[in-house]
Amino acid sequence: MPNTDLLFEILHIQSTSGDESDMTDYLLRYIQKRMQTWKVLPKVYSGDNFHDCILLKFGNPRTAVFAHIDTIGFMVRYENQLVEIGGPEIIEGAKLFGFDRFGEIYCTLKGDENGLFHDFPRKIERGTRLSFAQDIRIDKDFIQAAYLDNRLGVYNAVKLCEEIEDGWVIFSTYEEHGGGSMPFLIDFIQKTSPIKQALISDITWITEGVVHHEGVVISIRDKFVPRKKFLDKIINLAELSGIPFQLEVEAFGGSDGREIQHSPYAIDWCFIGAAEDHVHTPHEKVSLKDLESMVSMYKYLLERL
Amino acid sequence: MPNTDLLFEILHIQSTSGDESDMTDYLLRYIQKRMQTWKVLPKVYSGDNFHDCILLKFGNPRTAVFAHIDTIGFMVRYENQLVEIGGPEIIEGAKLFGFDRFGEIYCTLKGDENGLFHDFPRKIERGTRLSFAQDIRIDKDFIQAAYLDNRLGVYNAVKLCEEIEDGWVIFSTYEEHGGGSMPFLIDFIQKTSPIKQALISDITWITEGVVHHEGVVISIRDKFVPRKKFLDKIINLAELSGIPFQLEVEAFGGSDGREIQHSPYAIDWCFIGAAEDHVHTPHEKVSLKDLESMVSMYKYLLERL
Amino acid sequence: MPNTDLLFEILHIQSTSGDESDMTDYLLRYIQKRMQTWKVLPKVYSGDNFHDCILLKFGNPRTAVFAHIDTIGFMVRYENQLVEIGGPEIIEGAKLFGFDRFGEIYCTLKGDENGLFHDFPRKIERGTRLSFAQDIRIDKDFIQAAYLDNRLGVYNAVKLCEEIEDGWVIFSTYEEHGGGSMPFLIDFIQKTSPIKQALISDITWITEGVVHHEGVVISIRDKFVPRKKFLDKIINLAELSGIPFQLEVEAFGGSDGREIQHSPYAIDWCFIGAAEDHVHTPHEKVSLKDLESMVSMYKYLLERL
């Protein structure tokens, strides 16, 4: 069973791409409160020079772990129109929430890919950001909620902090909407305490080859193809670990790994995370066993990579 | 009424993406001639190390303003075929001009999205660049011409030079065709006199939510989403200014802001510019009142940001 | 007639994007064996800091030449499914080869753009990379084989090494699948011995304006548009050289030049290479005369640029 206090709290924080500051503030308070209990005390980098990102440096890093703190959502356009932030699934009737200078907003999603609308009775200010209303469902096998992608990746990164001795743990922004924080994060890392390996702590998809309860997913590729030498090293360690895992091969999809691939540094990267179904809906669903193997795998790999 | 000498001259200079050197030469001559009359004398960076770009550093910059000097157009392929430079609207019958080693060329655009041609009687050399023939129309309310996007953004940047005390003013290239100068411009700025804020001096679109005569547009988003914290700061200042402005929320379109978003520096950015209709045609049309509020807003913001 | 020993050997090495290490090892051995016979002894940079890339620095470089060593291909997904690496032409019945931990694999490509499969009798491990089976055909006019793109570009770069006095020769990776090595290669070059000019040693397309036997292609544009000033300089030299060449103007396609265009350095670039038909099939076909003019043109230009 996961640490539900932390997880439930971050699942309730709104942080669409470009507006992550509430999530950043929460994480900074959590880190300050807890880091004295961690095996190694990290150096914390945050504030205006890092926009809404946070970097934690533990010991002498060989590897960096990236977890994005932004989510998909919607932005109010003109009249009662909406435009997408990232790639939310369009489900007519989905409940949305947010706020503008006139107060809180609870409304319903109308329309389809050809035109999106809200049904809030009053005008909402242009540029207001709306998120899926949160509804967390948990039983002995599954957790289901909006924004498991990537609150579970953030949860995994925070759990890793408890035991990691050497490594960077990074909370990035903008992943769901075109990226943009990774380049300056990578640049800072390489100029401060450089690494040659990176893991992406994020959530992937249930497909015909990736199923619930079979363990964390190690992704051989999505739209981008990591270097085979590094994949082989990780898969060999994963086999030795005894921790359940599955291998993914996809033609589409991306992650913060894309920006590592295209950075001006020779850094190997690999996406490792639990799989969900109902991706980018209010009903994302992940096996608790897969989440557990994700947490275990990161602890195992960070020690050995 | 705008300074029509400067504006009319730059509207007549051909500078499709990749071939901006005539515009660069004109601007350098203009800057050399006028800069002694400006409130602050800038340091001018140009020449081969900057390709066809120009950077002006005034005082101690906190903010950079970017105006792209390239335009859309057409390139001659094989036989009488044309391919697009950037995204011109295809209007059968539009007048085009250019020159190759055999002389000047005036011809007419034929065909559609499935195949573009010119009707010039002789063969034109492969790779020759053609632009819309210029036809400037101005009355008390509107200016209409080819290439208001982005000659008006350049005009605004030059007007700003007269009064700016601290800041970078940058003339960039390649914006209409995939970009490519912004990365080295940003790198030079950050290594010379770094900034954390950038404004994009460019022209946007008349839409159902953005109309003529209602003031300069502050863009909350296009395809990319600037950081909310910076948008809030700008909108608050704009409200205090008393200068007319409109807020834009679009799902598409891009600008030099895209390359700031993806740069390896944590720089906030925002697009601020007048709106036009008949975008990327020979008949781009902008309200003179909106242009005036653009010029005023830049002067106001550069002092206070 | 080309040096068929070298060319035939590299045509038989499998190196899909992300898995180029066998090609890298071959080239390093070749370079070590031959470089004492070259006009100038280069400094060789390779190894883990450069992933699977190789950089050769000759004398005092003014120009860099880039040849990508990766190829298109296929990756095994789930069951008997395949996904593409880069953009191979889908030809039902094409012969594929590769290997996994259970041994060598020879099979046949089935399906179409809607679904790709192999017909190998046993299960192939997830993530296994398959290439077109090689079948080299050569006569007095043409060479035909899989992967002339970009084995001929690599061949040209190696031939250039024999005579080049000043310049970088670079073997890059990942060009066929989204890129990613160019940014760190460019960064290393600019910090080690900077250049302002780059040539892309790669293979382009036979089209209605580019034909066999008319000489190497100098590309005025593909999807991206190099700077006119640099193109003019190259075309003027090419005219003086007396070596046959053709000018290309395309709206689509890309190369390592794309990543130079978007790098944080002001580096001019141009694609120069022979044209092939049956692009990205097992039957790529290039005129030997065009290959010869490619090799001659590079030697001529590197001395004079």
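Think of it as A, B and C in the order they're written, each chain with its own count starting at 1.
One rule holds in what follows: contacts are C-beta pairs under 8 Å (C-beta built on N, C-alpha and C of every residue); 3 or more make two chains touch, one makes a residue touch a chain.
Just so we're clear, the structure is a prediction, and the values are computed from it rather than from any experiment.
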Interface sides of subunit B and subunit C: same vs different residues, half threshold: different
Copies subunit A and subunit B - rotation angle from C-alpha fit, nearest 5 degrees: 120
Approximate Å spacing (C-alpha centroids) for the pair subunit B, subunit C: 36
Multi-chain contact residues (two or more partners), subunit A: 263-264
Interfacial residue positions of subunit B with respect to subunit A in the complex: 196, 207-209, 220-221, 223-229, 231, 247, 249-251, 261-266, 268
List of subunit B residues in touch with subunit C within their complex: 17-19, 21, 48-52, 75-79, 83-85, 126-127, 129, 174, 177-181, 183-184, 186-187, 263-264
